[in-house]
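Look for chain A in each of the two complexes below; its partner is chain B in the first and chain C in the second.
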Partner chain A sequence: MTKMFLTLRKQHWAFPPEFHLPRLSLPHLNQKMIIALVILVPILLLTTFADWLPLQKPLQTNLRAIMQWPSHVHPFGTDRMGRDVLSRTLAGVQLSLVVGFSVAFIAMSFGLFFGTLAGLFGRAVDRAIMTVVDIFLAFPSLLLAIGLVSIVGTGLGPVVMAISLADVPRFIRLQRSLVLSLRSRAYIDAARTVNASQWWLMTRHIAPNTISPLLVAASIAAAHAILVEASLSFLGLGIMPPAPSLGNIIRDGQTYLEQAWWISTLPGVVILLIAISLHFLSDGIREALDPRARK
Partner chain B sequence: MTFMPKIDDAVLQVRDMHTHFNTDTGVVKAVNGVSFDLRRGERIAIVGESGSGKSAMAMSLIRLLAFPGKVVSGEIRIAGKDITRLTERELNGIRGKDVGTVFQDPMSSLDPVMRVGDQMIPPIMRHLEIGQKEAQAIAIEWLDKVGIPDAKQRIKAYPFEMSGGMRQRVMIAMALSCNPRLIIADEPTTALDVTIQAQIVELLKNLTAETGAAMLFITHDLGLVARFANKVGVMYAGRLVEFGPATDIFADPRHPYTQSLLRTIPDTTVAKRDRLLQIPGFPPDMKMPMVGCSFRERCAAAHDYCKSSAPDLEFRTENHYAACWLPAGLDGGKTAEDDAPKETAKSASVAPPPRQDVLEINDLHKHFVKKSMLPWAEPRTLRAVNGVSLRLNRGETLGIVGESGCGKSTVARMLLGLEQPTAGQIYIAGAAQMVFQDPYSSFNPKMKVFNIIEEPLVVTRKGTRAERAEKVRSLVTQVGLDQSYLDRYPSQLSGGQRQRIGVARALALNPSVVVADEPTSALDVSVRAQIINLLCDLKEQLGISFVFISHDLLTVRYISDHIAVMYLGEVVEYGPAAHVFDDPAHPYTRALLDAIPSPDPAREANRKIQLISGELPSPLSIQTGCAFASRCPKVMAKCRESKPPIKAFSKQREAACHLVD
Partner chain C sequence: MLAYSLKRILQLIVTTLGVVTLVFFTLRLIPGDAASAMAGDTLSGEALQRLREQMGLSRPLGEQYFSYLRGLLSFKLGETITTGLSISSLLLSAIPITLTIALATITLALSIAVPLGTMAAFMAHKGYRTLDNLITGAAMLADLMPSFWTALVFLLLFSLTLGIFPASGTISLEDPRAFLMRLALPVLVLSVTQIAAMARITRTAVLEVLSEDYIRTARSMGWSELQVLFRHALKNAALPIVTIVGLSFGSLLNGTVIVEFIFTIPGIGSLLVYGINSRDYQLVQTLIVFYALIFVTVNFVTDLVYKKLDPRVQF
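And then the complex of A and B:
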């Protein structure tokens, strides 16, 4: 107690100890992660607080102000029904992010579980899991998603499911290869010599050492999922109008590209920014977690 | 620093060379003012621990440093040309032509997708300015000279079709093919087995004598230096601390570091077992500014003067220079050994307990069956272990030696239940635990040292949380580490400290047998001595039996009571360590012993060495006769027909050879 007091003595005059604020330290942030956050955080804040912004509601039309140039009232302009493109874009981004992060989460959890099983147990378990995985990997992911959506129907749930279905096999494969390379490490052998259970090996040795490459892959998968959702909606298979999604906003605008370029272009730029920032994030995570790249 | 006169026939002259690596976290001063000369036909060895800057120094000579590295000042003259002032293009004319290079790892220094010939011929054509046909003839001639059988055919082989020893021969042929004046060899034999290492060293020695090329040889193996070099440079913290003729340096070392290094090697000539000298502490951080002598913190003879100023390399006797304020180094002063308690050497004289086997292996076999993808092809059987029987007494150490691929590690894995034997039995009274070879991969990088040592206790549900914590604390003290290390991650520890943690983990369950698979091969010499001393102490304190597996015969001899020599999955000789070493019965044991160089140039010069030729035959093929027949210098007709069983030829010793009866 005295020691703590001594170290804080200099600040004592400015702040009494009980109000002393710990300095916010971000030791793991590197340059790439900062770039990613500088783009992502404002977008996240804007989408989260979109309702409080002085903007027209996403679904509200105004036929007296159709296809207007970007201005201070409508920063991204308006579309053919006089709806505010910025507020629609923000609603679309919200949906995109939900799709992106749920797909990343689903793909990662399934990948972690089945990939570890396949890699650690080998033999019949491995063969069974990998056969299914290989069948799914044989289809182009967009086609698989289109096929599934046309069976199950459109909307947020089916879209997430369809994209996850294409991503889960990739994650299983990735996790399996990571487990295989870890399986012959000496610390696994050391645990085996004391008869550690498979569950112990999985939770104590394998999962903690594979989580970081999976996180890297997950942030790329999130970016990819956002693009696939946009593509599906663009094709009219994802989120149905009038509900806004980045894909269907761009689709609406492309007819009027010559008269009102902003309807398609500005949401397109937003997709680009999100995808780029997620890639930066994944690079940043990899750098922070991989001691070899840190040098 | 011009302490040496300019010599006319110098191939290489280095003056006050400094090499820095500009990393993100600071400037690493890898080489801090190195000066020396190398004449025609001379072989100089540069020795030092890892991190001493010896490789950076060698690569600086031809400016082949990895990215952030740069020669910042000094002068390097090869055949009169100043390397530091040449352009990259001019340098390429020198590399390969005037300077040949042999790298450490033969597995990665040849391009795997190019045939050997395609890698050899273009440099010869360019440097000697001759045509394809002549170049090919030269390449074949060199491959033949370095001992590649059937060179005309093998020049068309890919690197993966060759063994490590063969690839290193190819590297040497490439380095020598343009008749360079200087050859730089960076640990050329470290990745190879002892018998192959001896062959390669002989080859390099003969070829340099033949062509008159000078050679700079980097190594950490003092024995090799004694066998090979005319001159020795000892490097520490980026500087040469001692330089002189090999015979002088070994007979009369003057720098405390050299003196300590020479004492860390187990001496096989005396039967008495003294503790090995261990050099305390670590090499300095090369990012920090250096004030005073860089070795002072580990030096027993250091005094106040060493703190303020660093000694220069100064004349001692003829051609012998040392960088120490004391003319005789440690000699006459106090040594680190004097500080170490000596009680262990005395306690060894206690009467031996009655014989009690803790480990018994009977006719152990392990065959790996490799099925082919094609259903009609015969599955191939790899006989890794082929009938091994061994016994181990309580409190004793059994050393298992042999080249890589002889099955010694497979035996270890079966002892621990990591592999199931194909046939045979293993009886262990109590439990067996293992100390692994590589201290870098044997710990989960995400676990703290405390959890690493605690793991076996948790897995086997021993004790309460508090009892386990108590046990872990006592274990870590037992292996000679401070309890504050428990809170660290493995990446924050040095190689020696990690290996101590490995020992602590192995001891957690109070095993009766500890299997140590090459526990010191990844460590520096000074640290190696610490670990060997630790194992010896534990053996005496706890009465644990050790199975010590290694290819380092000096260490095995030092630590073991009995030795088993393995060849192709079989034990060919077994007996008390001293007897096997002093009077080997099996020709293979003799060949192994001949292959290890002893750290004494005078003895090396007089030694009659009979090297075995060839390499380990494939364990996939089945021989009818003796497994060693293909390489044995004393092979008879009988050896190819019938296999000699292992049998006792005296009270304590066994061998598998027709010559022993």
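And then the complex of A and C:
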């Protein structure tokens, strides 16, 4: 009788109610997400279809039109080799977005895995993981990325790797704190009483409930990664010219700041716009998922 | 407090040792080794071996590690490979400049951000949304501006167009006025981000305190609004503000690398970029360790101040 009761209960309770994954269908878009999309979508469209725009190619030089003022032919002007700054900026944005989203994805995945491990198993596992995390967190993030780039070299892959490695510890720490706060909830105890395995707890009860805060952090991390990549390239340690990246375009223009202010300033405005939109996106996701955050 | 400080000091030592070990062994992971990475294709055979010996790379790894530790402890850090200058003396001349910039930025940022954030909180509390929205919006914008871009815009505006601050020139303490004028622009640039972060935290903290019972009590006792705001609210909001000063020190250090690069200021940031570009791993390794050391120490001090301000805090 007791046994039957338990199996019944197991069927009934061990399956969690549908967990609340973000429902991001159109009616659920809030004001902040709309602001984010209004900025982000045109930028995405422009970068995706940059090849079809009536612009000079990013690497094409034109020595008869060097350092020209912004005009309808060159909306962002031209640089010292007569290259079109807008088309270079769009190519740079493409690269920035790749960097931003890969870093966010990589950092989030590793953070999810190691953070859950640390939080759920505690003791030695936790101590081992957190010791390493604390050592990594002793470096300011850009400096850690600079140090890593000096070892792994320049270019897209190494830069993504360096920035991700600098971000992973932050995600591990976040995920661990989320897991710790979830671990003592009543529904976890309930699942434990019906003999749910660690794996089951982890994949069915804990991880799904930490996804939303992680997503919020990930969109901030994407914005941050874009800024770090730009900073690295600006310092000459990221993407190497002639391949355009927002950072090295701005660095290029630095020398001609007085004669051609547009080379440096306009791509910077684009970085700022992307960063703003990603921040609105993260605020928007948070509001959509956590009604308490709405004020 | 004493037990707590001791525990934190122990933690500090462990973290520092971890940092040194991590940096040391990571740099040994370079494909080939540091010597061949540095030489590129320019050296071969015997010359490369000589460089290796000069850099101490031919000794066993354990011996290299301990001699490096000994060097750090006695501040004998060897010479840079490219110029042969002593790293310790380079650091001694560079660290004060970077720290001056950092401390000046924190002072300037706090003196602007705290009143600004308090004002925004007060306005939000009273229901005047416009000014509050204006301040919060500006803070968000300032927070997201990449510092190298802000630096270039300020350079364009304040030195190339208006001619207020010099964009280049020597830096020495012998001419204090020139020294200040030269450092003014970098400090301004770094302050922008710091003010944004601090003002935001101040606003949230003060706003939270303003709805406490003891604030209502203070009001009912006849204190004026200003007295309530600065003597009661701000004092109780100090904790998060101290925390953000400590936390944002990391981003401040990041920023110093960039402004030093742009304004050609001979601080540790410029040294670092120089070290990486000339593949001087000895120098890079030491600088990264020092950055971490500064950051870890600041966090340690922040924790102590935190504990001092709020004895209830348990760690």
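Things worth noting here:
In this section, the second predicted complex is superposed on the first by the 268 of 295 C-alpha atoms of A that agree within 3 Å, B and C clash if a C-alpha of one lies under 4 Å from a C-alpha of the other, contacts with A are read in each partner's own complex, and residues count from 1 in each chain.
Note that in this section a residue touches a chain if its C-beta (ideal position, glycine included) is under 8 Å from a C-beta of that chain, and two chains touch if they have at least 3 such contacts.
What you see is a predicted model, and the numbers here were worked out from it, not measured in a lab.
Within the superposed three-chain model, A:V160 lies out of touch with both chain B and chain C [touch as defined at top]. Residue contacts after overlaying the shared chain place A:R185 against chain B, while chain C stays out of touching range. Of the two partner chains placed by the overlay, only chain B lies in contact with A:R204; chain C stays clear of it.
Taking chain A as the reference, the larger set of touched residues comes from C, when chain B and chain C are compared.
Legend: residue contacts after superposition of the two complexes on their common chain; A:I276 is shown touching chain C, with no touch to chain B. Contacts of A:Q254 after superposition on the shared chain: chain C is touched, whereas chain B is not.
In the superposed model, A:V194 makes contact with chain B only, not with chain C.
Once both structures are placed on chain A, no chain A residue is touched by chain B and, in the other complex, by chain C.
Residues 23-24, 413, 416-418, 432-434, 436-438, 441-447, 452, 455-456, 459-460, 491, 505, 509 of chain B touch chain A in their complex. Taken in their complex, chain C has these residues touching chain A: 15-16, 18-19, 22-23, 26-27, 29-30, 140-141, 144-149, 152-153, 155-156, 160, 249-251, 253-254, 257-258, 261-262, 272-273, 276-277, 279, 281, 284, 288, 291-292, 295-296.
By the touch criterion given at the top, residues 131, 134-136, 138-143, 146-151, 223, 227, 230-231, 234-237, 247, 250, 253-254, 257-258, 261, 264-265, 268, 271-272, 275-276, 279 of chain A touch chain C in their complex. Interface of chain A with chain B (complex): residues 185-187, 189-197, 200, 204-205, 208-209, 291, 295.
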